[in-house]
């Protein structure tokens, strides 16, 4: 199979140990992540060839980011180095009714300030089979939006699958472009939609509820509006509190509606990147399984991610498959 | 608003990481705390002016204790330095059915051996509006008792509110004074009572049960015995085990009885100082809200404290208010 | 009372902090353990005299292993030092539906390659009153099997009690001997059987189910086949997931069947060695209590072990007894 | 005595433990510093009243920065909070012939983007007696330059002493202003010059050598060019390698030249902020001692700073004085 | 050979990592030590049987102290447990010209408040061959002094060797007894004197200088005053600074004077307990070698201790002997 | 340029923090290394394409080893996975006169038990330009020797350069083959000799001294005996103690003798792998510079490696070149 391509910002995540606030410590752990990179690394852990495209700083922090991605065997040859600093986010991890809190330092980062022609899409997509994008990238800057659109255009010309996770975070869109407008242009170049009612309502200007009935209607409306989109996948999270969630998934693939049972995540280790784990599971699954099994694989991957520290799902195909098959008792492997 | 004044011992807390016993480690974390200081710092985090009065050692440990208090913007100008060591407590953190265990080294500490005239109450209370005390201080030594009483007397003369948390720990009272007698003298100088059936029974020599009916009767009897006391607040903890508690509160304010719903704390991070978080929430609330909202604020503060490491509730007013308003799902703040 | 003797491999356990995988870290904690050693140390914590017999490496790792055992007051004078390395196991700790995973490096360890006459059983058992063995030892090598059998033979000649925990792990038996055959020879020299349906079925070639009825039948059949065995104790684990288990116990002592209630372990700290904690509790209990109380003590010890980091139950008799008596609320001990 | 006022950026410093590169670790320590803040905290440790003026982020990182400054008793009431992130620098610590390396993320920081009227100089300098500035601030942005100049102007009007450390780092000056021009405007408002031949040559456009003779000539020329400047102090560092330096100082106070002996720093713990420790020692010394003793105090403070981790000299007056008096044998204090 | 007996306080040492001050950290390492215990453990590492006698707290800290001593195979059976807390000392580690600083919390410790008849000397010395004491013990309390004297008396009756290290720390002697008087009573019961000019001058009231000539005269005078003393050993430390010392030794054994060459300790890891390492080396050496080799062994042991973290010399006889034989190049052992 | 190929064992290194012994800790850092891998990674850091060939375990430890190598961009596609465990070594880091000590657990490792045909040399060397081997590999097992020889034979057929570092460690050769015989067969297939008098004497059975004169004679004799060898490079280490070394190099290239000045390494951070850093510098240098500059580059690389933690030289070409050009003052890079 060809390469799965991801394009997006690489962020350094810095957080104190355990549930400490920064004010309580002088030591922090750091990881690297970024919503598209998280998808890419997870897919690489599943055994596929993956290339991540980004812009990182031309210093030892950028070097560390690249080495972090290399570690998982993801191709870093299309990552460019610039004079701007790598984006950083600081995280304080909550528990029970205390939410985790994030503070970003990314608005002038190497990726936000990526410039046209920094990405050679012809070369980057040479062995590409699938391109995955999220709504974070077009939110960052006009150039990020345009470079992404350029990549999607080429991907479609080459007949690649394009999965879209238009995760909508209003706070990010600061440079003037209307989210609805930008996402519309990008969804016209996409084939798989990963997102829920909020994202559909945002893009279509509709007002669907969270019910399964509305989900089906919303999906149909979306597919009508964007004929290139073939399938819609949604992940539903029930938060008892910061430490205890339930996850299930549902889908409309143009023909049928399916949903999974809740997976009960009683002791969350790390909630960051669990949506990305879902997307990664889906990309992996759709390349190999029928839609329903792909959705279950994605849902199991998402649930499993809550047990790994850091932004990235480190589970293997065997580990996800075990959950998918109902083996959730967590018995020790010797 | 004027200063909230707290007076009491500052202790250094030393405990191994995680759930380790000392026998298993050679590394420990340290925090500073002390029941009255915990109240003071929490109130300072809520945005009020706070001064803590204490006696600490005249060495780098005392220096560290003061710098720790400074960190939270609490006024340390009335803390005295002496040649005696700072009190220390060692903590082994339990889980599930294993209780946490504490070993104290405080009986000859700088605070236990505080001497008359070390505290200049006139100066210390100059901008004071509220004075908070607990039953730990009078238990430590005759001088600690007398200095506290002296402070309360002046506070009442100045018309300050005085909140009492007579937390009763029999093990501490070693110097001869009867707890009942000492607490009686101090409660006569107090206006708000924070405590439950055990404390009331101890002070009145009664035998009330934990029922709401008895709580109302007990509160009435207390207010009759101590006419300066206007309101009684109680916090009820249900321990499923070391890792899982429920918290609710109830009150009798001379006119009406109210109680809150249970807050479910499914994954406790640190149980120490949760009672102090309740008291701090109450002092903050009573200065701003009606009694019932103050009680709810206190109960939410108490619950939230279980998610912070260390002795002190680090929550802000916004964070407590979110819980109070029922937002306990812990969704990530970006 | 005389010494309790344990004989078996000492392993160094190496695992990253928290729920990290090795790929995510460059720091690891290490402990020492081994199924028989875990039993020995736990019994020593209960206050008995214990001697552990083993073979460790003649380098600073072997030195560290011995110092670790000394720490708990276990007699190490019969441990031999050899030129082979100490066995190691690497552990990645799971959570929720992610299982913990172990990788062993023990097949050419100092203990696996123990040689005849390295253990002077006459001397080693001089003050022995009870000898405990497990099914791990005979699985490792022909010499390990023979030395164990030699020890059991002498122990029985001296009239010592012999407890057997034939924990069956198929993966370990690589040197040619049939597990059933080896275990049969060793069970003929044992007086107490600690194990469940799986172990009985393996040894007898039967096919009993997990029901209490079958457990009684299976136990009777076992005692008939091995007349030296007087009592059978079984521990039943219900895994909700990696982080949440329930534990109960049952027994057949030749005369009566008893079972305990489930103990609910809602937040597991460390699951390794919990079976050994059960065995240790049983040995301790059978020396002091009636069979039913011994079983309850063992079950409480097993549950409590889930709250300690490392392979070993560090609980004292008082701590276990508190659980046994139903005090599972985990209230802070000051 | 009045307050010493410092004005400048607060930076978060993040570095792996020991001599690790980021590529080798996933854990980092963090400190807060900034050349003017380092001076301020050091002076506060000497017992003076100090206020630091800055702009930090309006998030938990800015909160942590302020709490860090509070810790040392420095007045933070004039620090403003903005929506921009706090500046960060990453540090990899070298050894022997390997230099330490720094990567900055500060060009769009809360301080670099400080805006006119954010600092209320009238209020900020109310109790001010001395104002200290460095050449970093005017290099960051036009607004930073103008706000500083405004502060210096008011300080001179109020008759405050103004010490200038025009530390010249060419890489920082990016916004268009010529360093020479900016520094000239600021030096015209200064009374004490802390800097060496490089800085004098930069400002005067001269070409003096490092010899003592040239230092005297250069100082005279400087004082002639800037009549408000009364004294010139210089610190000379001899680097054997990253781990081993020697420090000495020299001065021209308009009347006489003096220099100190080398202090031999054989095992450097942390080299960052040692120049700031010199400036702090000088400010402290000039308020209390004659010029020559002030210089010696500054030189001892600078040397001692090399033994503290972090950006800040934590030494007390007694500790510096001991070095000044030749007590450099480092004998244990019990 | 019989047991070497040491008697003295066990202290818990708590210090931040590296060269941090407490004010800079929230994590600390802990060790256990105490001048006599350090001697005992070092001798046990050399392979001899050692028993340490002390009083520790009856809590988990006392338990940890005992387990720490057990770890090294030292007999703890004569250590008593009391209700008083274990003594603690806090340490900030200096470097170069910054001295390390210690703050003690020991004046009401379990050992300082040891009571008559707590030590059963008959039983404790049953297999004793050598008793070692230091000047710390008699300084702590009248009871500590009397119990020590009782032990020495019995030791001499049994013909045991008694080594005295009267380390004189004026700050410790607070309970009224004159150091000179107390030390005199104890030296009359000693056979080996380990100490220098300061100690001799203190005891004799003389005024000898540090020269070798004076050392010989002082030793002669000491032996004349205390006829039981046979030999005098002195260790001379040259401190370039906190990080770089030189060590040499000299002796007068009643017949001849000898001294060693300086051992150059260029990068000190931990300076605490190096004097105790000298004493331990001497006790070991005098039992096996001639006086001169014993002194060289002690000097090498002392030098080597500077490379171990913690209070205790962990070197083996082979490692010390290698230094003694001039093998100080530190080549890697594979 | 083509790939540099390295072939050899990958070892996991485990060591406590700082200068601790295992007996003092329960935490350890781990790195991966191996003499040939160290060379490979260092060369990759210099910017060349490198492939490392090895056999690692088929578990999460092997996975971690591969991810570690990936991190540095070294090609891991020819590494095979087997059922045997990865080799491990434990390290205790000495200081001053205390040597570092290593304990190996490698004799049944995945690499020691590598089997014929596991390495597909045709494929592995496809883009190879240079092959580097050391004397460790042939010492491990007959198969390791034969596979290496097979690779060298093919490399020479393809006209690749072959550098040999026959590091002779007698302790490793256990399987029967005579070192001299094995090394002879391999040197006959080599073109660059990296080693000193010891290695030449071992291989030739001669007895040359360390003098430059003898080095030249020995080199000539070596080249005569092994005509494929063109150049001989030697590195000379002077150990003041474990913490302070000096490094210089010398060479005979068949025509001229050259040597470098000593580089003074006053504060060693990590001494492991410094010889490998020399070899890597040499391979890099010989591909680009004249022999003398290559030697100087290698010597500078070796010296610089002493400042990096772990087995691998992380220096870049610029960093090494700075040392080579005499810039050893270690001034901070901002």
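Details
Letters A, B, C, D, E and F mark the chains in the order given here, with residues in each chain numbered from 1 onward.
Methods note: a contact is a pair of C-beta atoms (placed from the backbone, for glycine too) under 8 Å apart; a residue touches a chain by one contact, two chains touch by 3 or more.
Protein names from UniProt, one per chain: A, B, C, D, E, F = Sugar kinase.
Computed from a predicted structure; not experimentally measured.
Chains that touch both subunit D and subunit E are the following: A, B, C, F.
Using the contact threshold fixed earlier, the set of chains in contact with both subunit A and subunit D is B, C, E, F.
Two chain pairs, C-F and C-D, are weighed by contacting C-beta pairs, with C-F ahead.
Chain centres here are C-alpha means, and the one lying farthest from subunit D is C.
Separating the centre of subunit B from that of subunit F, both taken as means of CA atoms, is a distance of 62 Å.
Subunit B and subunit C have Cα centroids lying 45 Å from one another. In subunit B, the positions touching at least two other chains are 21, 23-24, 26-27, 67, 71, 101, 104, 267. On subunit C, the positions that touch subunit F within their shared complex are 14, 21-23, 26-31, 57, 59-61, 63-64, 67, 85-86, 88, 90, 92, 101, 103-105, 107-108. If you check the complex, the residues on subunit E that touch subunit D are 18-21, 23-24, 94-102, 104, 169, 171, 239-244, 267, 271-272.
By the touch criterion given at the top, residues 67-68, 70-73 of subunit A touch subunit F in their complex. Remark: subunit A residues 24-27 touch subunit E in the complex. Across the interface of their complex, subunit D is touched by residues 71, 263-269, 303-304, 306-310, 314-315, 319, 323, 328-334 of subunit F.
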